[in-house]
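Both of the next two complexes hold subunit A, though its partner changes from subunit B to subunit C.
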Partner chain A sequence: MKGKRAGYWLVLPYVVFLLVFMAYPVLFSVWLTFHDWNLVSPDIPFVGLENYKRLLNDDLFFKALWNTLRFILINIPLQIGLALILAVALNQPLKGRGFFRGAYFLPVVTSGVVISFLWAWMLSTDDGLINGLLQKAGLHPVPWLTSETWAMPSIAWVAAWKNLGYYVVIFLAGLQSIPKQLYEAARIDGATSLQCFFRITIPMLNPAMLLVVILSTINGFQLFTEPYIMTGGGPANSSLSVVMYIYKNAFQSLDMGYAATIGLVLALIILSVSMIQKRLLEKDVTY
Partner chain B sequence: MDRKISNWIKRGCLYVVLVAGAVMFVVPFYWMVLASLKTPEEAFRLDLIPSRITLDSYRYMLERIPVWKGLLNSFVFAGSVTLITLIFTSMAGYALARLKFRGRDVLFSIMLLTMMIPFQLLMIPLYIIVVKLHWMNSFAGLILPVSMNALGVFIFRQFFRTVPQELIDAARIDGAGEWRILFQIMMPISKPAVVTVAILTFMGPWNDLLWPLLVMRDQELMPLAQMATLFGLEGQGGQWGSIMAVNTMLAFPVIVLYLFFQRYFIESVGSSGMKG
Partner chain C sequence: MKRVGIVVMALMLMLLQVGCTSGGNDNGKVELTYWPAANPVEVQFAKEVVKEWNAKHPNIQVKMQPLPASRSTEEVLLTSIAGGTTPDVCSNINPGAIGQFVEAGGLLPIDSIDGAMGEILKRTPKETVETFKSKDGHLYQVPWKGNPIMILYNKQHFREVGLNPDNPGLDTYSKFLAAARKLTRDTNGDGKPDIWAIAPNVEQTWWQRFFDFYPWYVAATEGKTLLKGGKADFNNPKGLQVMQFFRTLFQQKIAPQSTFKENLFVQGKVSMVITGPWALADIEKQAPKMEVGVMPIPVPDNMPAKLRITYGDPKNIAIFRSTQHPKEAWEFTKFLISKQNDVKFLKMTQQIPFRKDLAEDPSVQQYLSQKPVLDAFVRQAPYTRAIDDSNKITDVFDALSLEYQQAAVMGKKDPRQALSDAEKKVNEILQRSR
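What follows is the complex of A and B.
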């Protein structure tokens, strides 16, 4: 009896937080999508599905969505390819593994603000380090952040660079859970290292691979800091992300209802990805 | 003999890959600190060692923005969020792990569900709540709406479940209440969970940009990440040297913490599925 009451008191602060700063905002968000409000006006007219109709005809929204997808499609292969190489190398019995792993993880703990400014400088067309090196090698400088072709790929590279260490750790855990006997048996059957890699390592890493794909997808849909700082969404909106577009609608145009509608659609996309993640991971955890 | 040589080659290749990786991740940071210490004339040269070290960029930055204030604000912001999270999510985690009460399982399911809600859905209503409560431009507005996270409850719950029941029973027989059991017995033996939650929680607000951007208007109250962003974007100097100086100040505290607690950082971030 005493334990029961203590239980309620102990969860009370967290429940209050949940109700005030989670549940209420979610409901409020949904309510907002059916209204038109500029935050200052005292009346908030009900507009039905107007915001959703507008969304379906909004080229800029679809551009932002496409940009975000493009980001994800470049980002994922980069993450998987590079993280896999580094994780396989780290998985060998070598000296200094701790040091290397620590170095790879450094960008993960560093603020996105720091990394965005650092790379904005390194990638800047006239005075950046990367173009400086290219010119030393006798190549032409590339307008990394100021051309429609290169802006989003550059941002995708920076985001990959920031999170790579995190995915190396995931792959490393995956590699270490592969039973050694599998390799020994394959060796006895005369398999080469390459065969072992493609027939054992890659298939056994599937769960980790899936986790990386899903986490980078969820991360990708939340992209904000890098384009906000590095390109401002430009040039010609070629690096405008969905979250930046919400931000612009809500806090620059004060179009709260419409911004909430985009937010809800984005949340539904992310939620479905998370649901798929939960399903697949639950299935794959036992191996 | 042949085998020995091929082994050497293999090891050589591995080290080349590992060193290339380390160079790729560490050199940009070296470049950042270096740029903040170079003279403006040398800032764009590619030499890895400058001919002269100067603090001019730091002086320039300090003249224009209240960097120390920003650092302090960041500590207040991230520190308060961490403290509030540690206290209240450990309470909830303990109740969910060890006490029986009606609605416990429902609460746990709801909590798991909230972990999937992206912040982008909440940010507009949270902003409106902050405006309505007249919390704009205040630490209350900055801190309270993001002051707890489901991840903390989850980690504490998982950890508290592994504590032997005899320990709790013994404490109860000695007359300890649930609060004492939590704060004087469970917490002290749960250092790994406390450190994990503290690290994950602290990094969030310290590195966050979006939420401060919405709440804080007054430069004197901004956390350093926001201050640095506005300083860099408004091009008050447009000088890369001073932008790298403020960048270095922003990165420094977390990197120092990281160097001391590297293992904990990697384990906690690695085990949680959270982005940095």
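What follows is the complex of A and C.
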């Protein structure tokens, strides 16, 4: 009994932390969705479902949601494809393997703001590195960040490049947990490398794949730094993400109630999408 | 086991304590926090002023902390009002945002401090002080500096294309555009321009319009601002002319449709830049050999070219209501706006304090006679307008900015349509805020 008491005391700091920094803000923001608050006014009038009604009629919210979906649809396949290729390559006994593993991880630990600035320069239409190379090859410059068509794909590429290393590490861990005997047995049966890859590696990587898909979807819905720095949400709101729209409502228009409403709806969207993904992918998981 | 509990409790109390230390005074000592703008020259100025003050006032120590970097000062200050972490004194207050701060109850009315108004009126013309009074008749900001937006140009570039570098005379839209066409050049023969006439920012960020649409509109209308009587007031022939002007600039590829993160003017990649006097210190440092000229914002062709009003970009000083020591905060502010410091500020940062007797100071006269460009800014300073005082001003500029981007920068929308869409949107925003 004595020992048990001490245990409670020892977990208390974390429980307090959780209540103060997690539970209270979450409950407060749910409460806020029914109120109109400009962040600083002492009176916070109750508005009922007004914020939710406004959300349903807000074209800009749906545009931001659509932009974010576009981002995810480009970003995830790109990220997973590249990460998988790199992970398989880095799993081979190459020379300088440690260096490459470190090099691909470097962008993950670099500040997103710095990376956004760097890529904003490289993607600049008139004096950027990439258009310079394109023109040397006799091609036309592309307005990467200043056209409605290209802004979001460019951002999706930058985000994929930044986070690649993180997913490579997950895939590498997955690859190393595949028992060697499986490959040996397949070889004896006369399987080619390609057959090994598609029949053994890919199915055995399923748990890692599930993790990567869910994590990068959640990350994708939280897109903020790249468009905030690189395009400011433009041109013509074509790269405005949902989180940027929350930020704009909260800290530019001081509409905390509405911002909280969008935040809550976004959280529900992420929750349901993750559940669906889990259902779909878990079916094939082989442990 | 009780002992473990006590230890844990004590630790937690200590942790909580860390977050709550504030301007404490155990031995009669007052500590003030002061936030200046974060650009290097202003930080340097603030450092020197604070050092001098602290040496003279051992009982009122000021701690200087540059405004945390972000997309805008207003966002930082509003969050700190909400979080209760405001400084005692801040000298980077945009009068357009005062409405929000006042509504938030974050500011101390300066006129409630004994002797403050007398001191302010001794320094700044009454009409200027009047423009900074809030709707409730109180003054919540000490007028500090006004920075007229003008056009700086590279004289060498002007010479190269046959423009008179000392008096280019680009005072109307058509003259300006004709010269700009000449200035945009391909110098290395790769078929694309590598020197641009001018490169206005193409981003949608609302305050970028302080450097293109807004000063042009103020100049074209001889001093109108965006709102009148709580409604949008910019959908008129002059507004359209301004929109058309920028559309031409981008459509004719005189200005690049790119986002740049570096200073193209000091690199010699653009010939003209729309900016305030604060840019001069930076140019002197980074491109000391560049010959710089200055000209007012151009106006539509059919306008008499005498009166040129421009956007003033004023920044003022506010004392926050959170201060425990209003009297000491005002004493420090008074020191900050003393003649000695105003002169120092002008010379160090090349920005212009709102002081009527500044030019009478012999050292300033001598200084300005060697700095013709700064002198032009000083002479333009009385002819400026700020932005409208509205608690929705960021949304107003945001709406306008979106339409500007579509009509002028991208050329995808008819300027007439863009202006009337912006007007409609702005009126909706203002309606909602009431």
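Everything that follows uses one rule, which is that the second predicted complex is superposed on the first by the 260 of 287 C-alpha atoms of A that agree within 3 Å, B and C clash if a C-alpha of one lies under 4 Å from a C-alpha of the other, contacts with A are read in each partner's own complex, and residues count from 1 in each chain.
Note that contacts are C-beta pairs under 8 Å (C-beta built on N, C-alpha and C of every residue); 3 or more make two chains touch, one makes a residue touch a chain.
It should be emphasised that the depicted structure is a prediction, and the values quoted were computed from it without experimental measurement.
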**Message:** Please determine, from the superposition on subunit A, whether subunit B and subunit C clash or fit.
**Reply:** clash
**Prompt:** Touching A:P235 in the superposition: subunit B (first), subunit C (second), both, neither?
**Reply:** second
**Asked** Which of the two partners, first being subunit B and second being subunit C, lies in contact with A:L139: first, second, both, or neither?
**Response** neither
**Request:** Check whether A:L10 is in contact with subunit B, with subunit C, with both or with neither, and answer first, second, both or neither.
**Result:** both
**subunit A residues touched by each partner, larger count belonging to subunit B or subunit C** = B
**Message:** Is A:F251 touching anything from subunit B or subunit C once the two structures are fitted on A? First, second, both or neither.
**Reply:** both
**Item:** Which superposed partner A:F28 touches (first subunit B, second subunit C, both, neither)
**Value:** first
**Request:** Once the structures are superposed on A, label A:A185 by its partner contacts, choosing first (subunit B), second (subunit C), both or neither.
**Result:** neither
**Partner chain in contact with A:L90 - subunit B first, subunit C second, else both or neither** = first
**Request:** Quick one: classify A:T125 as touching subunit B (first), subunit C (second), both or neither.
**Result:** second
**Request:** Once the structures are superposed on A, label A:I276 by its partner contacts, choosing first (subunit B), second (subunit C), both or neither.
**Result:** neither
**Asked** Intersection of subunit A residues contacting subunit B with those contacting subunit C?
**Response** 2, 6, 10, 13, 39, 117, 121, 124, 127, 228, 232, 251
**Message:** Going by the contact rule set out above, which residues of subunit A touch subunit B in the complex?
**Reply:** 2-4, 6-8, 10-11, 13-15, 17-18, 20-22, 24-26, 28-29, 32, 39, 85-86, 89-90, 92, 94, 96, 99-114, 117-119, 121-122, 124, 127, 129, 132-133, 136, 161-166, 169-170, 173, 211, 215, 218-219, 221-222, 224-225, 228-229, 232, 243, 246-247, 250-251, 256, 259-260, 263-264, 266-267, 270-271, 274-275
**Prompt:** Which of the residues in subunit B end up touching subunit A in this complex?
**Reply:** 11, 14-15, 17-18, 21-22, 24-26, 28-29, 31-32, 35, 43-44, 46, 88-89, 91-92, 94-96, 99-102, 104, 107, 110-111, 114, 116-129, 131, 144-148, 153, 177-179, 182, 203, 206-207, 209-210, 214, 225, 228-229, 232-233, 240, 243-244, 247, 250-251, 254-255, 258, 262, 265-266, 269-270, 273, 275-276
**Fill in**
Listed in rising order, subunit A residues that touch subunit C in their complex are 2, 5-6, 9-10, 12-13, 16, 38-42, 117, 120-121, 124-128, 135, 141, 143, 145-148, 228, 230-237, 248, 251-254
**Asked** For subunit C, which residues are in contact with subunit A within the complex?
**Response** 1, 4-5, 8, 11-12, 15, 71, 75, 78-79, 81-82, 100, 103-106, 190, 192-194, 196, 202-206, 256-262, 269, 392, 394-395, 398, 402, 405-406, 409-410, 412
